[in-house]
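Across the two complexes that follow, subunit A remains constant while its partner is subunit B and subsequently subunit C.
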Partner chain A sequence: MDVLNVDYMLGLVPVLLRYLPLTLQLAGIGMVLALILACLFAVVRVLRIPVLNQLTIVFISFFRGTPLLVQLFLFYYGLPQLVSALTVIDGITATIMGLTMHFSAYMAESIRAAIVGVDRSQTEAALSIGMTNGQLMRRIVLPQATRVALPTLMNYFIDMIKATSLAFTLGVTELMGATQKEASGSFLYFEAFIVAAIMYWIVVELLSKLQHHLEIRLNKAYSR
Partner chain B sequence: MIKLASLSKHFGKSVVLDGIDLTIEKGEIVVVIGPSGTGKSTLLRCINFLEQPTAGTMSVGDLTVDVNRASRADILAMRRRTAFVFQNYALFANKTALQNIAERLLVVDRWPKAKAYQRARDILERIGLADKADAYPASMSGGQQQRVGIGRAMAAGAEVILFDEPTSSLDPEWVEEVLGLMKQLAAERQTMMVVTHEMSFARDVADRVIFIDGGRIVEQGPPDEIFHHPQDPRTQDFLKKILASNTV
Partner chain C sequence: MKSLIFCVSLLASALASPSLLAQEAPIRVGMSGQYFPFTFVEQDELKGFDVDVMNAIGEELGRDIQYETASFSGLFGMMESGRIDTVANQITITEERQKAYIFSEPYVYDGAQVVTKKGNTEIEGVEDLKGKTVAVNLGSNFEALLRELPYADQIDIKTYDSNLERDTALGRVDAFVMDRVSASQIIKEKPLPLELAGPTFSQITNAYPFQDTEAGRALRDDVNQALAALREKGTMTSISEKWFGTDITQP
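On to the complex of A and B.
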């Protein structure tokens, strides 16, 4: 085996860095949308809103029960075949849709568990002073559930950042797609992919630091 | 004024409240006593609609509802007229003492922030916890938490404050400070309905003591009469048991 071509690796860093923003955008937008969707699902499940509850259960079951790659192909290749208006869906949109639905299904369950975990007596106290269900959720339950759910949600976010690499199968040139192109030009596969791997790793490490700070802040109210 | 007429609550087949008729005058302090599991707490919870009563009518102030026809708006309106103090305090864990008290003024009554916090600070002053304004429940003693719980109930300007065994989960060292605050409220003629096992509080503070057993009001009257000349054998029996461990 040859020694690693370090010069090539160093030269690759600025090239690949140009594609990192797209990777982060895919994950960032996907996460925000997935969070919104997951909160809605969780509230529907907790309040057992008729019809919506059943639909949500099926949705969650499907998106948890099938591989993300299959879902991405369904959105990108499958939907346009059924509905011709959907041929406008490009790889980026399809990726964001896939990430959003796939991860919202997982996150809905952990948010639901966190909501159910909030002390029932606080719910009664909020109702006793005349709050509506919406006010109760927004002001009392969700803020406390956030604290409980945060570590799991951050894990999903980290997972989602890595999952954006699947976008290259839809022809999106994000970090993984760019690396693949560079590597097949130079044939230095190990060097190229180890640089990409380290980039993902650094991003995830930075996020873990952020998570640590957020946890300290959110725990402030609960320490003696 | 509060008026309950034929108020009933069934859980499945078991009848927890069996046609309660009760009128409480403005400024009256009513203490409800009775054996465990006889519907005392359920009675308070029904008045606040934390439990949906099975039948009957309730009036609080100018609002009268037939419990079977109560709309969501009726239920909210009834809750806004009746404040509740919980056995386990049930403070909002994500809010400071000040925010716990101001919460309902801000969210339910939609007061401007400055006014709501001013009122909350006044109440903290009255309950002797002005220095705890920014403390979270987790950092307060049980007694302090329950005083904030009472403060939260005071904020509303409710027609009546319902106390559901407010000292039962407290360590003995904190019981006095909570009872002290309740006595202070009673002296201000705040209408109160108190479920408690603190017989000395009932004797010293109540205008009327109500003995409930089997979901019915068995006997009621001024504390002197109930404690010293109970008429019904069930009342006599209950008092004999409870006074053995409680000096009146």
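On to the complex of A and C.
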């Protein structure tokens, strides 16, 4: 009992690995959708588009101001109570919806900050040589904003991967759900959760490597 | 042309007998997969007393069983929102729950049991829980049982989603309350320093809950029929003997 049961841990690795793809899928799809949504929000906020701007502010306020677990329960258990047809939302969809909205609210603010952070003189210079608003965004503002926003966005992605562990409350057996069930069958909690922790850790470590490479690429123009 | 007529008549007959279609749909059963030895997972395989009984019911009715696992606190929400048909997780029949759901006949008879860390001489029964910290599963009936005690306000009740046995063994809480059957099983099979404290303090009966709808009532009747048949054949007793060495399916 006191000794770590290594055989059990090794046996658990292939079992838990089967659930890792679902974890990555939830976070991956969630991240892509959240990025798209966050960019839209950021643009609306920067350009202060009337009505949309106010709606966005309320949206961001709600999804930053309430726990992700509460949002997941609202989507999964709450909505079908109001409209029974919404039962078609399965656990995986509800998780992706929750992750998307929750994290887009955070990401919208860091993208907005990155855009606003690009020096105003550059905008003026670009406009003075006759660039359109679209060209200005594509060629001048967004490339610089991306560089600034990348580290924080990566942070949110990492956070999102770990947030998928809430999906089991919606009946989605991802890495964490599978670990909990295995642990309650064997009562070897420490062994089971350490295996899961190492898996999350390796994934996040690989992503950090990727982030490092991306940063080098984006910083090329600034190195001398 | 012939095949078209055949197709149409097949379709018509299928539409004319909705019961035939319903028979083929699997029964969607929710469970936590985290309640040893009733429902748990070993090497990716869902096992336990509740799995065996439900499979036997499915066989009796000629219907497939589709298991959905989720945290215990999510199971009733899944049934409420129509994603599962019933919950096979030792659901105790209570007044509260009977207001919201309909129940099958009980298939497990049990009692509430106080469990402490081995060597605890302070707590010898439910009356000793005064001034103690006691763990129960979130959403389980044991919390309500504790709150009904005359000295309930002197008990610090902590609710857990899982792992309360471990926290009791670690000494983070003084005791936990669970059904006697699974508590004895945990003590017997698992490497945790725990012991039963005193006799059981409340008779409990566990059954399958269903939504109070036409479909829910029909399914409950089917399940009751299957349960009666399985009792008759001795299947219930043999499944219980297999897991517990005693028959928990009789009062």
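The criterion applied here is as follows: the second predicted complex is superposed on the first by the 223 of 224 C-alpha atoms of A that agree within 3 Å, B and C clash if a C-alpha of one lies under 4 Å from a C-alpha of the other, contacts with A are read in each partner's own complex, and residues count from 1 in each chain.
Here is the rule we use: contacts are C-beta pairs under 8 Å (C-beta built on N, C-alpha and C of every residue); 3 or more make two chains touch, one makes a residue touch a chain.
If you're wondering where the values come from, they're calculated on a predicted model, not measured in any experiment.
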Could you look at A:S184 and tell me whether it touches subunit B, subunit C, both or neither (first, second, both, neither)? second
With both complexes superposed on chain A, which partner does A:D119 reach: first (subunit B), second (subunit C), both or neither? first
Counting touched residues of subunit A, say whether subunit B or subunit C comes out ahead. C
Given the touch rule stated above, what does A:R64 touch, subunit B (first), subunit C (second), both, or neither? neither
Which partner chains sit in contact with A:Q81 here, subunit B, subunit C, both or neither? Use first/second/both/neither. second
Please output the residues of subunit A touching subunit C within their complex, sorted ascending. 1, 11, 15, 18, 73, 76-77, 80-81, 84, 87, 90-91, 168-173, 177-178, 180-187, 189
What part of subunit C is in contact with subunit A in the complex they form? 30, 33-36, 40-44, 46-47, 68-71, 73-74, 77-78, 80-83, 162-163, 165-166, 186, 190-192
Within their complex, state which residues of subunit B touch subunit A. 48-50, 76-77, 79-80, 82-84, 86, 88, 90-96, 103-104, 107-108, 136, 138-139, 152, 156
Applying the document's contact rule, which stretches of subunit A touch subunit B when the two form their complex? 119, 121-122, 124-132, 135, 139-140, 143-144, 147, 220-224
